[in-house]
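Just below sit the structures, each encoded as structure tokens.
What follows is chain A paired twice: with chain B in the first complex and chain C in the second.
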Partner chain A sequence: MFSNPYLSVLIIAVVTVVFIVVCSYGLGSVARWAVRMRGASPKQQESAFAGYFFAAPWIVGFIIFVIVPLSFSLYWSFTDFRIGSGSVASWKGLENYRDILFNDEGFRASVVNTLYLTVIGLPLQMGVALFLAVLLNQRRPGERVFRMAFYLPVILGFNTAVLLCWRLMLNTGTGIINQIIREVSIAVPLFGYLTRALIYGQEIITGFFLGLNTGKYNLLMRVLEAGFPADNRVPLWVQSPLWTKMSVILLMVWGCGTMMLIFLAGLNNIPKELHEAAEVDGATGWQKFWKISFPLLTPYIFYNLVVGLISSLQIFEPIFVLYRDNEPIVSSTISMVYYLWQASFSHFEIGYGSAISWVILVIILVFTLIQFRLQDRWVTYDVY
Partner chain B sequence: MNKKLFTLLSVLVLASLVLTACGGAADEPKTLKIYLLDYTPDTIAWLKSDINPAFEAAHPGVTVEITEGSWSGWDTTFAGFFAAGEGPDIINLGSEMNTLYGENLADMESYLGAGAWDEISNFGPALENAKYEGKLRGLPIFTAPRYVFCRTDLATGALPPQNFADWISFAEANSVVDPATNSLTQQALVPVDAGSMADWQWWLLVFYSLGGELYKADGSPNFDSAEALATTQFLLDMRQATYGPAADAVGNLPTGQGSVIDVDDATGKDNGAVCLAHSGWAAPAFDRPVWENISIEPFHGDPANFPNSRPVVLAFNDWLAVADYSQNKELAAEWLKMTFSKEANHKWNETMGLIPARNDAQYGYVADSPQLQREAELAAEYGVGFAGIKEAAKLSTIMQDALGKLITEELTPQEVNDTIQQQYSDALGE
Partner chain C sequence: MKKYAAIIKGVLLYVLLTGATILMSFPLFWMISSSLKTLQETNSPGIVWIPDSPTLEAYTSIFQNENFLRSYVNSVFYVVLALAGTLISIAAVAYAFSRVEWPGRNVVFFLMLSTMMIPPQALIVPQYVFFNKLDWIGTFNPLIIPGYFAGGAAMVFLLRQAMAQIPKELDESAFVDGANHIQIWWEIVLPLVKAPLATVATFLFVGLWNNLLTPLIYLQTIDLYTLPVYVSTLYNINNTVQPWPTIMTAAVLTTVPLIVVFFLAQRYILESVVVSGLKG
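After this line comes the complex of A and B, so read on.
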């Protein structure tokens, strides 16, 4: 705005404060006027003024940073707006939506990939989180250290150092994960056999999903033709399109710390008397978990399911950090939000990208509504 | 309460008015902002210690500010600059980005064109990559062609392979798999993206080596040509000769220290590549002993089957462009002139061991280094530009997507090319 950046920042800050004060005063006055019109007493009018005056900064922020961008996004979704095209956005009606839903194979592939990550990744993530929570709930020595260790990935997030570590760990030949698999397989042949069975099963499932993307099942057929994996086969983690999605799931599971804490809170809330009574009746540890803890954890499972489903339907970061620089295989794991990012910020097609974002919103809404509708059938709130 | 509020409001409005008045002073200092991507610490240190102080001394009141970014995620960053119409005055772009961002870049002909700056005639062919619609948008820093570097001490068979069949045989003979880990310990050829061996830039290099043209005479894409099909088939054959079939592929090379074609000092073992099809910056540093055993060649295409084949090195370059939203275009041009003088362009590239874009800056370390000398000769003789690609970002996405399905054998080479042809035609509005 001004050539001196410090002065510019100072002026912007002052103008912002003035703007907020004016908006607050204005909103408070409108509220006072509105209640006065309804015959409120002077005290009620003052209360209305004060309430809206102090709430105004948030309300104004919400309007500016949420409502206005949402409105623009909705408008752009009906246009061909493209950054840097040198032309203004022109109205296209429902054409973007029609293309996304009926013509865009890339978006269809991203939906299939996202569903894979949700259907397979989310239950795994929740299962591991629950398992860790149950372990930590045993009150063994070092519980706090382990709690911190399991939560650490959430704090670390997916930064460059983490990405590099994962890439090294997932290297097919020398990565520590495959090294462990190899060593344990040699020491315990049954483990090796089970691992290869898992590899085979995983590759068949992924081959099927990749076939859904293209409508051709060549790869699935080849996997079946190749037969049961040889003794020295290990997962080709970030290298093969057959393993790209599973690598993302591994990162999802690694970041299950928040779910684990919620489960842990749920386990702590279960009345001890119930377990004590079950012990008196001779219940085993598994019976106590399955018949008492698990049903009483269902509200927490429901919460994690809703939040986890929304999160996995919006998955972006793990794919971005793992495959951003490995483009020929990124299409095998591209998610809906990655596709949205690609359209908006790589191809600059803001209109089309906006339409994708609204389609994603509807998909997430539908899934969430279904979950809320079904919760009565399995979620127990009796004790709470 | 109202009275106090109005008092506060008045004070703030007055303060802002006073400060606004101060902001209008004519002799306000200016900041020239420059955004660079992944340059070496030596380069940045030199710019900050030599170029910027000299520029600031010559332009009192101007401060030069360098921001360092990364090629990972650059497109999101640039999208933000252009969407906001605000950001650095000078941005760092790659070869193919002249068409991608052209409309958002300033026409710098009046500052840097032949009529305004004599020295522009000293720039080599890389200057074309810094133009959009025939107008200069900035200046190129270096030329970094993609060569084929080969380890003569590791290779079995004649080097370099002269046609596609030779390359396939070479890949089969020179790729070594460790049965214990079911992974490669030696890879015959490491092109851009070693794992997939199917990056779009590698595809384009092979395609150009067959004499292929990206567009037909009417401007439509040429992915339905015989050269395009042969290229796609070659990529698949090479991938399979190296990694085996998709459903039973072996693991990739382990990550080593330094260039993939070098020797790991820590272990004394080779990093695993026999040949590397990449830019010079992916090759070992010039003082490494391994250079005794490295040859530098162009990619020869497939003269046995395609008579128009020609040796090719795909010439990439980085360049600095001036954004159209910049309020400091003249200052930006002055900074570019200073930074792209003969000596400065030479020095900049010396810090990175690359070939300067200015012909007259190719002296000293360029002439003294047999490797750079060879690279410069090959670039001059066989260089093909990586520019002028319409809708480059979309083509990249379309090709990467289709080539990804090639290596998994989800699509046949013919289907891959049909897909690219169809989708790219749609993207171009054909």
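After this line comes the complex of A and C, so read on.
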């Protein structure tokens, strides 16, 4: 209808604003009429009108963009609905769900990968975040600048452009990270030895997880057969299925700024008197951290754990930028959201995609609820 | 003896802080440095920290790349349009939840908070069908219009908390003077929450500017691509040699607005992450 894409969206935007104002006015008027029927005072009537008038954008949006899509997708998840096939969707019952949970390699891969990120990535990420928070919490001059530097990756982290820079840095031969590892290994043999030990351990663990994923442990066997890595071995960040998840973890650790700020708030909330009292009793800094700060930080650790787990299900950009089209490798690192995108939009199978969406939704809800339950058991809230 | 220990501790602390800063900002340095290199230098097996003779070749060539320039314009256009509508609607809804007493407020507020548990990606498939019915695939509409309905419960919550702290007497005296709710919202309340508004605007800006998934799904032709989508096409696995200086130049230019906005708003952001993060 409109040839110019900018003009057409401007017109739609104006129409939307008019639509929202009309909805606001309508909803407000209905509310005013309803409370008047109940015999409310003019002031209460005015408040009812204003409340619904201002809240209407969210209420209307909630119905159009959340309730309706969720209901439709719940229905479609039991059918074989496809866009563009022209045929009418037919009822399949629980077949989609059965396929996803038991027959779909992509789903299984995404579950195993999430498990890996949770077991290995999250502790690393939280450890670094806590370490940085403790450093900042010493409150030395210049703290603000350091805080900014540590938070900046969160702003940049998921931008395609920045991820491409990581892609350059992670190149096996010409990437700066491996170049540095090589140079330092030559200069300091001990460092080289430690690196190779880490490479070995990492490959064994990842090989095991890949085995969980495919049911075949041949990669793990190959790593064990090759034995301790040779002198010139470096990590194969973006080249081998044994390393793809580690690259994602590297990005997670780099973007730990939000977790760090949460920990910083937690450290701030610890009463000074506790540390002072411990000092009088002759406690060392190490003891003070593990016996006082750490237990009081558990609610913050718990919070970061829940949020970190949920966000690892949703990782999309790093996988897309680093591994898209890299067919044999990409399945070793896909997240649930990447799997959803891949499965739904490659063939526009809406029924199947809807079922995946619901599986993700339920998993996230269940995790949130379980963790909130467990929270009571092991989180120390009130020590004061 | 104790004094020396304190000095050593202080030095050690700064060494650690500086080391961490170098590591955290290294990708940024590397991005800029690589954008000034030649193709040979980006692909050399030896380390090239800073190019011997920095070249602006990649910059001049990218400014002649029509697709890049158009995707830049597209990004700015879509972000501005989406940001304006989203920010105003969020401010309106936050006002309803903080400054007005209305029947059903607690129920609606609870509903809004519980939507924070719904991952936005779970809605993508059905929303795609909906936008397909509206014939909106291949337009900017699906990226912009949903935000106009106060998209982002966490942002509404952040702003509501700020608005709730303004003393009630302010509105009441304005009412006595004959002001209505819209005037109070726009002329009294909003000017008092400028800092939280700036925070929300920054978060929205970053989210929109970095957004890859929905533009990828809805913008199907290269003349509509936003920066993240276009820049991702510069790197192609089928290339025998990746044009790294060009890619890194595009990356630098894409990152500049983010860094500028971050420096302008860092004062507000660094504090509010905690407020919105730990919603009691």
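Heads up, the rule we're going with is that the second predicted complex is superposed on the first by the 325 of 384 C-alpha atoms of A that agree within 3 Å, B and C clash if a C-alpha of one lies under 4 Å from a C-alpha of the other, contacts with A are read in each partner's own complex, and residues count from 1 in each chain.
As a convention for this text, a contact is a pair of C-beta atoms (placed from the backbone, for glycine too) under 8 Å apart; a residue touches a chain by one contact, two chains touch by 3 or more.
Everything quoted here is computed from the prediction, not taken from an experiment.
**Q** On the A-aligned overlay, A:R373 touches which partner chain: chain B = first, chain C = second, or both, or neither?
**A** In the superposition, A:R373 touches no partner, neither chain B nor chain C.
**Q** A:I83 in the overlay: touching chain B, chain C, both, or neither? Say first, second, both or neither.
**A** both
**Q** Who does A:K272 touch here: chain B (first), chain C (second), both, or neither?
**A** neither
**Q** Identify the partner contact of A:T174: answer first if only chain B is touched, second if only chain C is, both if each is, neither if none is.
**A** Both: A:T174 reaches chain B and chain C.
**Q** Per the contact definition in the header, classify A:R139: touching chain B only (first), chain C only (second), both, or neither.
**A** Neither partner.
**Q** If you stack the two complexes on chain A, which partner ends up touching A:L219: first (chain B), second (chain C), both, or neither?
**A** first
**Q** Could you say whether A:P328 touches chain B, chain C, both of them, or neither, answering first, second, both or neither?
**A** It touches chain B, and chain C stays clear.
**Q** State whether chain B or chain C is in contact with more residues of chain A in the superposed arrangement.
**A** After superposing on chain A, more of chain A is contacted by C.
**Q** For A:G211, using the defined touch cut-off, is the partner it touches chain B, chain C, both, or neither? Pick first, second, both or neither.
**A** first
**Q** Check chain A for residues that touch chain B in one structure and chain C in the other, and list them.
**A** The answer is residues 5, 8, 10, 17, 83, 167-168, 173-174, 324-326, 341, 344-345, 350 of chain A.
**Q** For chain B, which residues are in contact with chain A within the complex?
**A** For chain B paired with chain A, touching residues are 5, 8-9, 12-13, 15-16, 19-20, 22-24, 28-31, 72-73, 75-76, 79, 82-83, 101, 103-104, 178-185, 193, 195-196, 198-200, 245-255, 393-394, 396-397, 400-401, 403-405, 407-411, 415.
**Q** What residues of chain A sit close enough to touch chain B in their complex?
**A** Touch residues, chain A against chain B: 1-5, 7-8, 10-11, 14-15, 17-18, 21-22, 25, 83-86, 106, 167-168, 171-174, 178, 182, 203, 207, 210-211, 213-214, 216, 218-219, 222-223, 225-226, 229-230, 232-234, 236, 239-242, 324-332, 341-342, 344-348, 350.
**Q** Using the touch definition up top, name the residues of chain C that touch chain A in the complex.
**A** 10, 13-14, 16-17, 20-21, 24-25, 27-28, 30-31, 34, 42-47, 77, 81, 85, 89, 92-93, 95-97, 100-105, 108, 111-112, 115, 117-119, 121-130, 132, 139-141, 144-146, 148-151, 156, 181, 185, 206, 209-210, 212-213, 216-217, 223-224, 227-229, 231-232, 234-235, 237-238, 242, 244, 247-248, 250-252, 254-255, 258-259, 262-263, 266, 269-270, 273-274, 277-278
**Q** Which positions of chain A touch chain C when the two form their complex?
**A** 5-6, 8-10, 12-13, 16-17, 20, 31, 35, 46-48, 50-55, 57-62, 64-66, 68-70, 72-73, 76, 83, 132, 135-136, 138, 140, 142, 146-153, 155-156, 158-162, 164-169, 173-174, 176, 179-180, 183, 254, 258, 261-262, 264-265, 300, 303, 307, 310, 313-314, 316-317, 320-321, 324-326, 337, 340-341, 344-345, 350, 353-354, 356-358, 360-361, 364-365, 368
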